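One structure follows; several queries about it will come next.
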Amino acid sequence: MTALNAAVFGEVLLRLTAPGREALLQSGRLEAWFGGAEANVAAGLASLGHEARIITALPGNTIGQGCLGELRRNGLDTRHVLRGEGRMGLYFHTSGAMRRPAEIVYDRAHSAFCHTAPERWDWGRALDGVSWLHLSGITPALGAGPARAALDAASAARARGAQVSFDVNYRPMLWGGREGEAAQVLRTLAAHVTLLFASAGDLARMVEFEAGPDPDLSLAAGAKAAFAAFPDLAHIATTFRVSRGTLDQTLSARLISRDGVTDAGPELMDGIVERIGGGDAFAAGLIDGLARGGARETALADALTLMAVKHSMPGDQCKVRREDIAAWREGRDLKR
Amino acid sequence: MTALNAAVFGEVLLRLTAPGREALLQSGRLEAWFGGAEANVAAGLASLGHEARIITALPGNTIGQGCLGELRRNGLDTRHVLRGEGRMGLYFHTSGAMRRPAEIVYDRAHSAFCHTAPERWDWGRALDGVSWLHLSGITPALGAGPARAALDAASAARARGAQVSFDVNYRPMLWGGREGEAAQVLRTLAAHVTLLFASAGDLARMVEFEAGPDPDLSLAAGAKAAFAAFPDLAHIATTFRVSRGTLDQTLSARLISRDGVTDAGPELMDGIVERIGGGDAFAAGLIDGLARGGARETALADALTLMAVKHSMPGDQCKVRREDIAAWREGRDLKR
Amino acid sequence: MTALNAAVFGEVLLRLTAPGREALLQSGRLEAWFGGAEANVAAGLASLGHEARIITALPGNTIGQGCLGELRRNGLDTRHVLRGEGRMGLYFHTSGAMRRPAEIVYDRAHSAFCHTAPERWDWGRALDGVSWLHLSGITPALGAGPARAALDAASAARARGAQVSFDVNYRPMLWGGREGEAAQVLRTLAAHVTLLFASAGDLARMVEFEAGPDPDLSLAAGAKAAFAAFPDLAHIATTFRVSRGTLDQTLSARLISRDGVTDAGPELMDGIVERIGGGDAFAAGLIDGLARGGARETALADALTLMAVKHSMPGDQCKVRREDIAAWREGRDLKR
Amino acid sequence: MTALNAAVFGEVLLRLTAPGREALLQSGRLEAWFGGAEANVAAGLASLGHEARIITALPGNTIGQGCLGELRRNGLDTRHVLRGEGRMGLYFHTSGAMRRPAEIVYDRAHSAFCHTAPERWDWGRALDGVSWLHLSGITPALGAGPARAALDAASAARARGAQVSFDVNYRPMLWGGREGEAAQVLRTLAAHVTLLFASAGDLARMVEFEAGPDPDLSLAAGAKAAFAAFPDLAHIATTFRVSRGTLDQTLSARLISRDGVTDAGPELMDGIVERIGGGDAFAAGLIDGLARGGARETALADALTLMAVKHSMPGDQCKVRREDIAAWREGRDLKR
Amino acid sequence: MTALNAAVFGEVLLRLTAPGREALLQSGRLEAWFGGAEANVAAGLASLGHEARIITALPGNTIGQGCLGELRRNGLDTRHVLRGEGRMGLYFHTSGAMRRPAEIVYDRAHSAFCHTAPERWDWGRALDGVSWLHLSGITPALGAGPARAALDAASAARARGAQVSFDVNYRPMLWGGREGEAAQVLRTLAAHVTLLFASAGDLARMVEFEAGPDPDLSLAAGAKAAFAAFPDLAHIATTFRVSRGTLDQTLSARLISRDGVTDAGPELMDGIVERIGGGDAFAAGLIDGLARGGARETALADALTLMAVKHSMPGDQCKVRREDIAAWREGRDLKR
Amino acid sequence: MTALNAAVFGEVLLRLTAPGREALLQSGRLEAWFGGAEANVAAGLASLGHEARIITALPGNTIGQGCLGELRRNGLDTRHVLRGEGRMGLYFHTSGAMRRPAEIVYDRAHSAFCHTAPERWDWGRALDGVSWLHLSGITPALGAGPARAALDAASAARARGAQVSFDVNYRPMLWGGREGEAAQVLRTLAAHVTLLFASAGDLARMVEFEAGPDPDLSLAAGAKAAFAAFPDLAHIATTFRVSRGTLDQTLSARLISRDGVTDAGPELMDGIVERIGGGDAFAAGLIDGLARGGARETALADALTLMAVKHSMPGDQCKVRREDIAAWREGRDLKR
């Protein structure tokens, strides 16, 4: 198999994190990280050896410039990044400890990404040669403009024969006053999707089915409805997290395809270093595995390993090389 | 219920802590924190929305000035802080790791607080309007002067109709050559107390009872003797800690009232960030709960949650807002 | 003389500064400082022994809470701080080095302060007992609401017999589309002012006079016009800065009163640590000196010393105690 | 018993470690530590109250000078350290987290130690007065010169009546193309050894025996063969590690003497801070215990406690004073 | 004018620098920076808006991977970077202070770059589309292989019609035993060069001329000889540095063309932050200016400004955008 | 000449310094350094290649242990360090900036050194083989016990034929209530001294002479009186400091011998990094130079260079190797 020529479209944020286990602004120090669901997936794919471009908009100022440098450092092709008016969306963050939950203070309104008019994106050029496009449900939640752009991207990608993956990641807080239109927007998008990352709850936003008390049955029912509603859809992937504390959790994953179900896990995680980006590492791993065409069991297991590994690394991106996955799974020290 | 107008009286110390899991002076860096049992209780009460003043004495120099700023940052009313001769009491500290115990090197003798003559405190002014006074057994252990001052404070507070809480926290090392007089001093103080924080061992310093091999029975016997000896006393609170390592412990709590016993816990704690100030967070939580007059079960459970939460935070103070307690208990991420 | 009961009204910002001489986001570390022209003046006054309250609005979230703690740490009375909707205004900052200029990326739009409707401020309560009010020209530049509030504050303070100082600090970038109305707004405000901090250029925004090529004559002409236009005005103060590089500069100051002119300086400054807050330290020093009623020469010289001293300190506030000013001027080591 | 006059011979390396749980060069910061198997054993012995000298070679440059200072800080006698041509061997290191393994990038070739011709060591002077010599299998793996020097040292020490301990620590990666001669080299060395630190696998490199599927039986068989082959050999010590993750492991130890077997453990370790130097702490503890002549059970248990304690400390050396071992084992806070 | 499509060929090193003004290893902290003369020039060109690719070889390990990320972050096209055997060349560094000189401990032998056989470079592919190639005299000093590769690169670039610039930067310490062949190697290279960065001393290594006591006359004589010897050569550039201390220096520059001489400076520099990379910033600025075809005076003055500006920035690269050069020269704060 | 076998006797303090240019406790970080006048001289001598032992007393706790390690790291022989009761004397420190003076808050009372009874020092053993003893006037200022011990040391050293140097360093604040006896104590000590470090003011504390308005004449008169009073005295050395700001100063030095006067300097110092330890570096340099017996001009010039160099280094000790002095004086980069 040849490497993917992947593209992602979405916003990148500046994360300002309290160092160590401090509360926000307990000391006067903050750590600055750049990330975003789609950018993280692209970085994961680049580390696995794929071409990965990011299509986004950043402010023209020094903060946007710093972000651009970090995206490049992560191995992304940044030639399709627009620079323009508007601020850098950001959020303040503490990672929590023990049972103390993480705390996030969002400050992402009025960003350059949100302010970019949908017609400014040149999808013909941006998606030229792309064989896989990844999107997330955060983008349509940000406003009518981003929603329009995401739909344009998905439809242009499908028209070019690319696979399209979509991580629903439904967040009511982001949709705010636009929650009413969410279902319609997500459905229109999903019509172009070949790989869907969605929980039963996410599916319930998009298609109608009976969600009973048994989560497995609900997910199965939701998947059935989704396959019926979206003819291009080949797979639905979802992960499960059981928390025993902010930093001690167990992960597992399920891949529902039209012709069967694959499971992976559980992965026990103690002493979590950083939760952010875990789901994005999973997405990158699964896209890689499915695109390479091997066994689904291997693809799903590798994706879950990458997700678990990401929990041990500071920063938003999971930068693991393929040749190290086995060592990570087996806990073998890497000596070079 | 209206907020308390609380006061605390006690010494504040400078803590010099090795960063991370380092041994003392392993690197040349130290972190400076200010705290003290009573100041920590006051900070906890302030975070829960109460008025909280601190009555203490600090050196007139820059170190005392820095301490004053931190007390104010914690939301305390510092208008009753004396400034004077004498040094800032301090201690060096490492937090330990795994089964490696914490290490503390005390250097607190000759402090401005200890040097303050008891007659310099103007209790009429300092306790004006106060509805709750909190003290700890560290103060009388520091010398005859502090012991006299603590007694004056407790008696003046009771005379004004305020509730008086007292955390015995008996430390033989501090009493040093004055251990013989400890029982008498503590008894005289306890005569003014309405809420006592004490273990069975603490009670055995103050009243006579038969301490058998069963800790529950001993505590019950001690409580009975204390209620008999101290007519103002309404409640005795105690916490239990089971250690599986320096950073993995289990907490529970018991509140013995004249008319019954309330229990809370256990709270499992893994990966403790900072143990200092845990008991003070508990005291603040219980004072808050009892003063607000709700169910004792809720008061005790909230106090224990605050104590556990404190173990996840660097620094000496537990600065949790009331509206966040539920999220902390449930481990829900705080997104704002 | 008794200490002032001072108040300031204005916005507080979060400053995110690159550590050391780094460029913005060169490393992933940022230092967080809170400050604002008016808050800095208040902190300077508190350090000099005055009562100083701040009237402002902060977001209700954890960032606003952190700001509140820092204001308290600086000795300010924060009982008149509103908490509400809107974000914390912030800016990114590098201090520069050699001839490399400082760089500031503003991100202060949509702040809680700007969003506060002018009628929410209760000037009767907020200015109760106040003998001096300090404002700056940044507030009216932020929008019609803040401009209205600043005018209300000045007029209410004068009505109560307080002195009113106003630092024009004209910044075209802030006024943006509202530059046309600036003159009228500033003039209306100045009608209530007793001490004006203004350069010749600032005066030219407010009153008409002939600004010739000689800066001294221009300033004199502007002052004459201002005294004519604003009957309450007693003094106009201005500072001059000559730069030989970002970190090597010379300061001097002039105080123009209705009955004469006082000069101070020059102060040579090499190896500047932090320029932010220099003018605010000068304002605090001059308010203190004039309020205490001594010789104007002393007041102006002390104010200029504080301004120079501030350039040697990290952070926005000049926290110098009165008893140390002489040592600072003479360069005597402080041994305590 | 009197304190040992111990010597160690071996290379010291510069370790460049990513701070916290970072990946290598994720931020631009590195922590520099000096250590080496033999130097770590010497530091452990010095902390336990013994005289401990190190015989090694360091570059004549500033890096070598820094290393010398650290060795002295650890209490070692450095008068027998040669300074010369060649670089400081170093390695880059990340400690891992959760199941993420540690990563080490070696860069130790061409070091001053390796470049030192065997005839430059003056064993008569270097071992003068020494009662115990400790070596490790790393030294002979570094090249023919170091192997010759190690053999000379062991034989000179025995000739002077000193005990000789040897930690086989077989690492194929280090032997590289010289693996074929390893058995012969190790055997020749072992002929001078009185205390051998070796796993069953290490023994299989040196003597012939039947290594079956049962690890206990294999070790017993290997020990029997070793005692037969090496007449000076009195004890063989080995430790067992069971990993549940990079930072959660269980340790136990076995000491096989000619007249019986002693066991210690298990020691459970959660939240490991630093694994490096654990085996060296064990070696120091066992040498101390055997040399002091008490019960073997105590010696082995103390050695295992030191090994576990080392896992809680940053840096390569286990600097525990004898009087604190009990507190460490019992998890009692050290208050001084 | 259109942007250059520039390429550089040369080694990249890891710099391990003591933080602040510390001596090497005074604390256990080091800062890691990647840089190299040619890579720095490329980064400068990329910041000025040109396409800039780097042709180099890095180790295949994690250190090489980290270097690759930093090169990309600097805006370089890294598709022509080889990965292979050998270590990362590195050096330890302190920046000095006052009159304390900088200290550098080199440890760059045996690097992946030096180990790359000259025939591994595919100049046809690596220089495809390139309009400017930059080299430095460090590369031929590293060994016969690198010297061969540099010559191949220069000759291939000229054959494709590209301009070739060469910074002689003669360092006897690097040439070591190969000093005898330096003249011949440099001369062969210079035959392909169109822009030469060289001092009079550098020229004396390459061509014969009378170097008298007057430096200006010597430089003129050397330039005349060089123009005679190397027919493609259009310009010779040189900079002069006068030191009043490690951190206080004055710079000036001269450009000698076949038809005249251009001078720039002096630039006074006080409080230098970082000297490394100054000459590379000058080279980038001059290449940019000459390629854009404007007045030589402007080109040289801008190049000198960039060189001075670089002295105010940590790190090896001068990342200044063209639109900011004027603000830097005038010392205007950048507000965005 | 052979290396000295030097000894120093005096207290070592823990210095807690605010990082960078921060005010004390502005952030919660402190840097810990160990130093003391005599210990600094010893470290300087050790770096210059001499044997240097320190005779002092440290607390038996972990802080004393940390100090001991640092002394050893500085190359000192610590076998004559007593461990005992009492605390570690310490002081808080900020270095100042521009004209902002340094600030020191002393907290050194009740130290282990001060508590050591004079008879506990075993001078026969401690001074065995010593050829030079260095003392300072701080020790007798600390109390009657230390004064007695210093006198015993000086007299024992002279009795063994060693040279004795004494740095008067008169500090009224330290003598406190004992100022009246200072003259007598210093005179008794000086009777054993061969090299005296003293200003005219210091001399005036010890001998009677006419101190006129001309500082040169006063010093000459004081020296004449001292040579008359103290027959063993061979040299008096003094340094002069002219300050243009906290971090910009000029140094010069004078050595008055019985047969003539030698001068050195001036040394201009800009951008001072750390002033502490400058005089001690001078003392070490002069002791070294005089002991080596070369020209006095060279000895004094080298001593002054070391003093200036020390101002460029963090920490209390001047660790310069003899072979680097020339490079430091000439500002040549050190490349190794």
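By written order: A, B, C, D, E and F. Residues from 1 in each chain.
In this section, a residue touches a chain if its C-beta (ideal position, glycine included) is under 8 Å from a C-beta of that chain, and two chains touch if they have at least 3 such contacts.
Predicted model only: the values in this text are computed from it and were never measured.
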Checklist entry - When the contact pairs of D-E are compared by residue number, which of B-C, B-F or B-E has over half in common? => result B-F
Checklist outcome for this item: Between subunit E and subunit F the C-alpha superposition rotation, given in steps of 5 degrees, amounts to 120
Next on the checklist: By mean C-alpha position, what chain is farthest away from subunit C?
Outcome noted: D
Checklist entry - At the interface of subunit B with subunit F, does the proportion of residue numbers present on both copies reach over half, so same, or stay under half, so different? => result same
Item to check | Centre-to-centre distance between subunit F and subunit C (centres being mean Cα positions), rounded to whole Å | outcome: 46
Checklist outcome for this item: When centres are defined as mean Cα positions, the distance from subunit A to subunit F in whole Å is 63
Checklist outcome for this item: Among subunit A residues, those touching two or more other chains are 20, 23, 28, 61-62, 69, 103, 105, 271, 336
Checklist entry - Can the chain contact pattern be summarised as a line, a ring, a star, a complete graph, or none of these (other)? => result complete
Item to check | Residue numbers on subunit A that touch subunit B, as the complex places them | outcome: 20-23, 26, 96-106, 173, 243, 245-248, 271
Item to check | subunit F partner contacts - residues on subunit D that touch it in the complex | outcome: 61-62, 69-70, 72-75, 336
Next on the checklist: Can you tell me which positions in subunit E touch subunit D when the two form their complex?
Outcome noted: 16, 23-25, 28-33, 61-63, 66, 69, 87-88, 92, 103, 105, 107, 109-110
Item to check | Complex interface listing, subunit A residues touching subunit F | outcome: 27-28
Checklist entry - Can you list the subunit F residues touching subunit E in their complex? => result 20, 269-273, 308-309, 311-315, 319, 327-329, 331-336
